[in-house]
Amino acid sequence: MKEFTSIRQLPDLQEALREARYVKEHPFADQELGRNRTALLVFFNNSLRTRLSTQKAAMNLGMNVMVLDVNQGAWKLETRRGVIMDSDKSEHLLEAIPVMGSYCDLIGVRSFAQFESREEDYGETVLRQFIEYSGRPVFSMESATRHPLQTLADILTIEEHKSSARPKVVMTWAPHPKALPQAVPNSFAEGALLAGYDLVIANPEGYDLDPEFTRGATVTHNQDEALEGADFVYAKNWSAYGGDNYGKVLNRDMGWTVTAEKMALTNNAFFMHCLPVRRNMIVSDDVIESPRSLVIPEAANRVVSAQTILKMMLRDL
Amino acid sequence: MKEFTSIRQLPDLQEALREARYVKEHPFADQELGRNRTALLVFFNNSLRTRLSTQKAAMNLGMNVMVLDVNQGAWKLETRRGVIMDSDKSEHLLEAIPVMGSYCDLIGVRSFAQFESREEDYGETVLRQFIEYSGRPVFSMESATRHPLQTLADILTIEEHKSSARPKVVMTWAPHPKALPQAVPNSFAEGALLAGYDLVIANPEGYDLDPEFTRGATVTHNQDEALEGADFVYAKNWSAYGGDNYGKVLNRDMGWTVTAEKMALTNNAFFMHCLPVRRNMIVSDDVIESPRSLVIPEAANRVVSAQTILKMMLRDL
Amino acid sequence: MKEFTSIRQLPDLQEALREARYVKEHPFADQELGRNRTALLVFFNNSLRTRLSTQKAAMNLGMNVMVLDVNQGAWKLETRRGVIMDSDKSEHLLEAIPVMGSYCDLIGVRSFAQFESREEDYGETVLRQFIEYSGRPVFSMESATRHPLQTLADILTIEEHKSSARPKVVMTWAPHPKALPQAVPNSFAEGALLAGYDLVIANPEGYDLDPEFTRGATVTHNQDEALEGADFVYAKNWSAYGGDNYGKVLNRDMGWTVTAEKMALTNNAFFMHCLPVRRNMIVSDDVIESPRSLVIPEAANRVVSAQTILKMMLRDL
């Protein structure tokens, strides 16, 4: 695999899940594969889970890891050609990216939506430039529109806990004080559909996601109806995608918080969230602390998903 | 060992010192013990010595190390249950800590006193939560009330230099421009007492430490008397502990600075300090640069103390 | 080698270049040399290339690496003796540096010119103190007056591309919005002269470098004349060195930008720059993107130069 920016790029999801289960059982079995190989992890945005789990995954594979925090204040890359670089941007990506590529074997990039322009965010400017100019296989550690390592961990977690071949999975919007990107819900939707789940997406009006990611899912504005019979509830906040409201917070309706009453509508569903989560905004204390909450094993599977992808990339170097 | 937050938790101090001497002579002898094991070092406060020496200790043992700087501005953890998380705290420790635990085998935590409330500081809120929720053995890299890796290095240094079975050790307060925690003096006092030294603590009135740590020592407000016949002088500033003065600087009396005149009162004592040290506030240039100054070998022993504890923890995994 | 702060300290440049070519072809051949050895990289200034390439070089040699960012705001070292340390400087270098030395086998230091005093910058206060007090071999990762790892990479790159025994190498000043140190041009000049190249240095009046570094080169204020027949064009901005103008920007004359018209004056020269580079200030887009631009292979050779020096230092431990 030469690029991993969407779960759709997996040659075969089921084969990847088999690989993931093997990796989980034998975390140190492939250290020869990573010997003398270096992963460079470039963070344009902060991270706890992604940083630690990807580092751990690379070390499990015997790789060296270098982490680069690109402080957006201190290290600004120019992206436009032809510009006279007399401002605060001291380096052009056309130099910075191939140089980074020359110091490693694989590059991971985290770069969130900026919410200045939907076209620029959904064009994945930063990520595309790493793919084009680094000369190395690139994997996303969350980009403007997707978070595929999270999605692979999510699918693996569902596979480990599902009791029917085609579980009903409800991804529901929930309130949050700040404007958040659509990367996680976009990515989860395409993953759940690829996995063949019965995916229902519940969100308030004005919060419909880009149909590019949700085609094949049932989209509804009625959360209670959606939750009926759900086997998995995947909660997440996102800001508006459509029209002139891109990146805006349209409401903070606490009626959408996932509470015990809401969970009572489901088929004794498991609760999932990618973390970090705002308690009693997204989900109530009792739900996230209940035995049906999968948030910790889901986060633990981030090491497994990262290691699976790194292993596939190493094999193809 | 499943937890190391106080030197009193050592199963046997003398056995730990024997282990420390072995580790110092054979730093790379136990690399199989740490193979494929990962230490996560979480810093809520800055560090030079602790960060480098603990990292070095873990690498000597063949471990992988991940360092996480928790910028208190950028990454605030909610600690209260039941609260609606709509403020600047984006994650609850009930999620963050078990997730960190799932990415490593051992966790080191540095978290200083906040000086907002003595009860909260001495309750060791942050450290206790890592112990309760991480699912991993936890070691302190300095907490609100103790700095046990420093203390073990201090005791080892004294053992390496003492010429009598029960040396007279004087821990003396000295002036400093800022309010400092009591962690190092608390911890040194309990260590020196555990080691069976003749411990005398000299500090100005108003600076008596919590008797929980100093019971068994002689506490005096007369520095000159204390220094008479001392074999080791351990200088340190701390802020007030008692009454309504908790965390306050009550005086900066330069008469307490450890000078050559003061050292002349001792039994040709060795000088010790945990560093960083304010020269000519805590200690004069000539004393810290004298052949009797142990500050550099004391700091070098930080690798040994960390490696000893990590080795004991690895053995019990 | 016990110290590497200038390319002149190489025992033999040609032998070092042979070693560099060997290292480049066999990057993982010397891992026994670095086993259980630790490099500490201390950054007083930010870095992309130096940080990643030196880390990679050390890992290629099987070393452990620890990186310490000395935030000049947060961690200030006192340097004067006899001072009462009651200000914001919490540690004296006389303690900090030997402690760092006690935690590693080799120390790399990056510390730029401060532009407060030419005497202090050219006295290399910080670097000299690491050499004097760390007790370890020290290598420069760019100091106030030199950048020898860059220079070794530059010379190696010229050797790989030259078509005559003694190429004409033109180092030309070019405009930049901010005041930059003289470290790179000083260092390149002494390297190019040591390598025996026909070195011509072109800069506007007022920008002559310290003759200590340039003795033996032709210095001219006419860029066009200098470029005639050049085999290599090495562009760089620097601030004024001489007189009362030390550290000042005297002009931003865009007539000095290296353009295709300028390159047409040369002997189909290769273009070099140490990066980061301001496009269309230092060099035009078409020149830096042309097939004669060596900026990326030059940066890639930073791993090779660092690994060569680290290998020589490890051999002499």
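Just so it is clear, A, B and C label the chains in written order, and each chain counts residues from 1 on its own.
Throughout what follows, a contact is a pair of C-beta atoms (placed from the backbone, for glycine too) under 8 Å apart; a residue touches a chain by one contact, two chains touch by 3 or more.
The structure presented is a predicted model; accordingly, all values stated were derived computationally and were not measured.
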Chains touching both chain A and chain B: C
Angle of rotation relating chain B to chain C [CA atoms, steps of 5 degrees]: 120
Between chain A and chain C, centroid-to-centroid distance (C-alpha), Å: 40
Residues of chain A engaged with two or more neighbouring chains: none
Residues of chain B touching chain C in the complex: 27-28, 46, 48-49, 51-53, 55-56, 59-60, 177, 275-281, 285, 288-289, 295-296, 299-300, 303
Complex interface listing, chain C residues touching chain B: 36, 38, 40, 64, 66, 68, 74-75, 78, 81-87, 90-92, 94-96, 98-100, 102-104
